[in-house]
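One structure is given below, encoded as structure tokens.
The chains carry the letters A, B, C and D, assigned in the order they are written, with residues numbered from 1 in each.
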Amino acid sequence: MKQNGNTAVLLMHCPDKPGILAVVTEFINQHKGNILYLDQYVNREEKVFFMRVEWDLTLFQIPKDKIEEYFETLIAVRYSMSFRLYFADTKPRMAIFVSKMSHCLYDLLARYAAGEWEVEIPLIISNHPDMESVANRFGIEYHVIPVTKENKAEQEAKQLELLKKHGITFCVLARYMQVLSADFIDHYPNRIINIHHSFLPAFAGAKPYHAAHERGVKVIGATSHYVTSDLDAGPIIEQDVTHISHKDTVEELIKKGRDLEKIVLSHAVEKHIDRKILAYKNRTIVFQ
Amino acid sequence: MKQNGNTAVLLMHCPDKPGILAVVTEFINQHKGNILYLDQYVNREEKVFFMRVEWDLTLFQIPKDKIEEYFETLIAVRYSMSFRLYFADTKPRMAIFVSKMSHCLYDLLARYAAGEWEVEIPLIISNHPDMESVANRFGIEYHVIPVTKENKAEQEAKQLELLKKHGITFCVLARYMQVLSADFIDHYPNRIINIHHSFLPAFAGAKPYHAAHERGVKVIGATSHYVTSDLDAGPIIEQDVTHISHKDTVEELIKKGRDLEKIVLSHAVEKHIDRKILAYKNRTIVFQ
Amino acid sequence: MKQNGNTAVLLMHCPDKPGILAVVTEFINQHKGNILYLDQYVNREEKVFFMRVEWDLTLFQIPKDKIEEYFETLIAVRYSMSFRLYFADTKPRMAIFVSKMSHCLYDLLARYAAGEWEVEIPLIISNHPDMESVANRFGIEYHVIPVTKENKAEQEAKQLELLKKHGITFCVLARYMQVLSADFIDHYPNRIINIHHSFLPAFAGAKPYHAAHERGVKVIGATSHYVTSDLDAGPIIEQDVTHISHKDTVEELIKKGRDLEKIVLSHAVEKHIDRKILAYKNRTIVFQ
Amino acid sequence: MKQNGNTAVLLMHCPDKPGILAVVTEFINQHKGNILYLDQYVNREEKVFFMRVEWDLTLFQIPKDKIEEYFETLIAVRYSMSFRLYFADTKPRMAIFVSKMSHCLYDLLARYAAGEWEVEIPLIISNHPDMESVANRFGIEYHVIPVTKENKAEQEAKQLELLKKHGITFCVLARYMQVLSADFIDHYPNRIINIHHSFLPAFAGAKPYHAAHERGVKVIGATSHYVTSDLDAGPIIEQDVTHISHKDTVEELIKKGRDLEKIVLSHAVEKHIDRKILAYKNRTIVFQ
């Protein structure tokens, strides 16, 4: 979702207590912030309060570079809050990792080119040269960094170097078929979004369409999630499914699956760009 | 689906060859059968031909008690066909197994009472007394047969006795929470339909809603399948899903899941009654 | 959703201003109410604030019979709020209207009998005798009140009399095929829930499955809504759909549609019982 | 679906009679054709038989340029069949019409560029210059032909000229916002595919998302159909929906709708390319 150019977003959670919501909205209101968006959720079993609030900074009295400090001092410490503050005019910078399939890549780049997302995409990294023509259509830098068991650490170092050089804030694995090391993932905790071509936790790992076909399921799915060191086990962001029948060969599952994968991945990426995802205990709160 | 009173249904499969479909339809046509339904499917990887054909017997020249023999001799042996022949005027006889939850039971009995299904339901068996009032509302015999680890074999023998006495042709486990023994299952191969409250193969076994909640999935499902000696691993008949969010507690998953379970189970039961399911290699061909 | 026995629910809307949410939550908190549920929504185009808040009354300092007055005086007038206050221990009383089809009726009664809903169902009214056996299964009073063009006013008067006598607070038309007069509807504004067997506004009026089949749509639906004097045009509460194909005859659309109708209707009824629907300008805010 | 390079496809319908299926399969088999695909459907109310059969021509004894004649003479006339014969090695040639929105256009071109479809796309026509950059990314000719009430006939003549020059066999309106004249449509009967951004027949015509929002529906949809002289009333090919809530502004409906529109349109286009759609009496038989 396109954000108003001059807003701040606060994503936060803390132990639930009466009055938190009032205190936070008061903080914004009394300093002349205009609240544009507010969504809160209380996990009553764990007694945790979560909130996303977005407000217009135009008349806001606290200078941008002080908001974090003031909020921390005046509100957060009193409620043992964990929070993250974002400014809409600071666009996230996304790197796409891709292997040989183009469908997710095209879907991301089409939205980007159409100006649907407030994001920068300076960089595409691949372990194959195949997708270079796609990158060229959109005028984006494309780096081929082939990975094998032997050179993995070295190649990941190259990748991290590139990401750092381009000020990348999050990565999107668009059917990237290499498994990232725990070390790599540590550089981007809850900031690497992957699309897995099954309805997790069913058929994690390799060849999920073949496994689904073998099992004779009547529904296939795709799952977008943040990457953690547990393969295909990180916090799920979005999932969707489609019905299949005995008539569908593995090839048809793959084909039907492509539509699911690209939509589910793009939705997750959009939510991330819009600062609408809060990862907590291997699950996500996805604000609408 | 309500079947015409006087039809025959043939469900068959065999190694694929040119001309099978023509040969079978010819057999029916030349003996004055009027084909009402025909659906065929060729699994081209395994080169197997599957077909369901239903025809009106009103003017059919071969006597009912000879059809199987003639078909076997004239067609089936030539093509190494496996087939099953059913007559619409011979209603299947269904026993329902239930534990303490009423939603699936009510859905089955409501359709039965409304005359939607060509089936007889002489018998409900439970390991608890709770559902007796539901059985009474519909005037169906209700037997309480509690099962423990120690008495399981003995109690299953009682159940099988009852099923035999009532001429039961298939069983429906309507959220029946006991695991049937391999021996029991052998009495009704591909004739025991279970509803599992997850989207198999995810969350097989106990407490799938708790597991789904823990994993933070964004979609839950229900699966109907034929029971085999592998728990929750038999051929899947139908599945459906619904979207959930972080706001849904386990209690809400259970509630949303009830609607899925009862619809998915009833759909599977209907397909079975209509002779529209062919189980093959732990998967099902479900004719429309 | 089963509500805690001793809670209050406030459904309200008013012109949006900063601080409303804080003021309301403050009101509850300072009088020792424990907030169990809070959902708010701001329609930014029309600048209207909507909220549903539910709180535990156990330690609440304002006596139940005074809450409305205090809230009105202290909060509502200042913000020009429209609000409704409900107590969980006062169960709504539902009358079901039915004609000749049992599927929706059974679904409602099954949930009722299973104790899923905090509601009383003292009464079923029908223009035909057919469904009496269903009412008898559940031990609910059944009244046959046949309606024709000539006797409509008189028969509706009888119905209203019965509803009044039984303290009915809302009505559910479970595939009731008579059109209620504007006068009747005025007795229960936004308190008559109907299920229409199409995806409104497509195929309003009679025989929607025939019309859908004729049009060759590939998806059919069902719509639950509050009844207004405009036929099938009242505020929509919930809708759902299912895919169909050229193979589906009208009879099959009707069959597939039954599952949609009963689930969509029951969901709407549940939301109403839970005080989760706010009708505004011919639309509904449905709190989760 | 990618077709085998050397196959023939027969799409046919005729009054239903016993034996048609056998006769057609016999025709193919006896001349050494290898049947790869067969799907048939009998509309029992109208007594019409429909079939799609595809077979490998590699060993087929009838020369390609004679197949139509022989089939007509030997089979079609005897059964009063209407049929169309296609060869997989003759790719359809598609022209895309677009206005200012890129999402459908990108989805079509991404699949094309990835080689998913057996089709040629020589030409994109638009009434605006905006999408030229997209056409350039994919190296496809782009023609701006602005249309007003006054110049419509003349501009359509230009368009038809271009289509003829490029040997276009079918057109795809990818959110093209001009209404084609009856004369234009006559040049491509059932060969112009449009995507309408609503769930037809609801909200036909202009601004369907605004109308849907106003009506307060809880589900929005998209519909692909063949264009006829009745606006938004031609035979429907595919539809899909997504759930919405009171929280969704018109802008969000438009955004959610984009994903539906592009998938539904691409699916329809694929079915058309694969010769899997048979239009009959303003409806479609869509073979799987």
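We adopt the following convention: a residue touches a chain if its C-beta (ideal position, glycine included) is under 8 Å from a C-beta of that chain, and two chains touch if they have at least 3 such contacts.
Model, not experiment: these values are computed from the prediction.
J.: Could you pull out the chain whose C-alpha mean position is farthest off from that of subunit B?
T.: A
J.: Pick out the pair in B-D, A-D or B-C whose interface repeats that of A-C, meaning over half of the contact pairs match by residue number.
T.: Answer for the repeat of A-C: B-D.
J.: When the centre of a chain is set as the mean of its C-alpha atoms, what distance in Å lies between subunit B and subunit D?
T.: Taking the average C-alpha coordinate of subunit B and of subunit D, the gap between them is 38 Å.
J.: Between subunit A and subunit B, what's the gap in Å when you average each chain's C-alpha atoms?
T.: Each chain's C-alpha centroid was found; their separation is 42 Å.
J.: Note the residues in subunit D that touch 2 or more other chains, in rising order.
T.: Only 44, 247 qualify.
J.: Building nodes from the protein chains and edges from chain pairs that touch, which of line, ring, star, complete or other describes the result?
T.: complete
J.: Residues of subunit D touching subunit C in their complex?
T.: Going by the criterion above, the answer is residues 41, 43-45, 199-203, 215-219, 221, 235-241, 245-247, 249, 282-286.
J.: Can you list the residues on subunit D that touch subunit B in the complex?
T.: Within the complex, subunit D touches subunit B at residues 18-19, 21-22, 25-26, 29, 34-36, 38, 40, 42, 44, 243.
J.: Tell me, which parts of subunit A touch subunit D in their complex?
T.: 1, 102-103, 106-107, 110-111, 113-114, 116, 134, 137-138, 247, 252, 255, 259, 263, 266, 288
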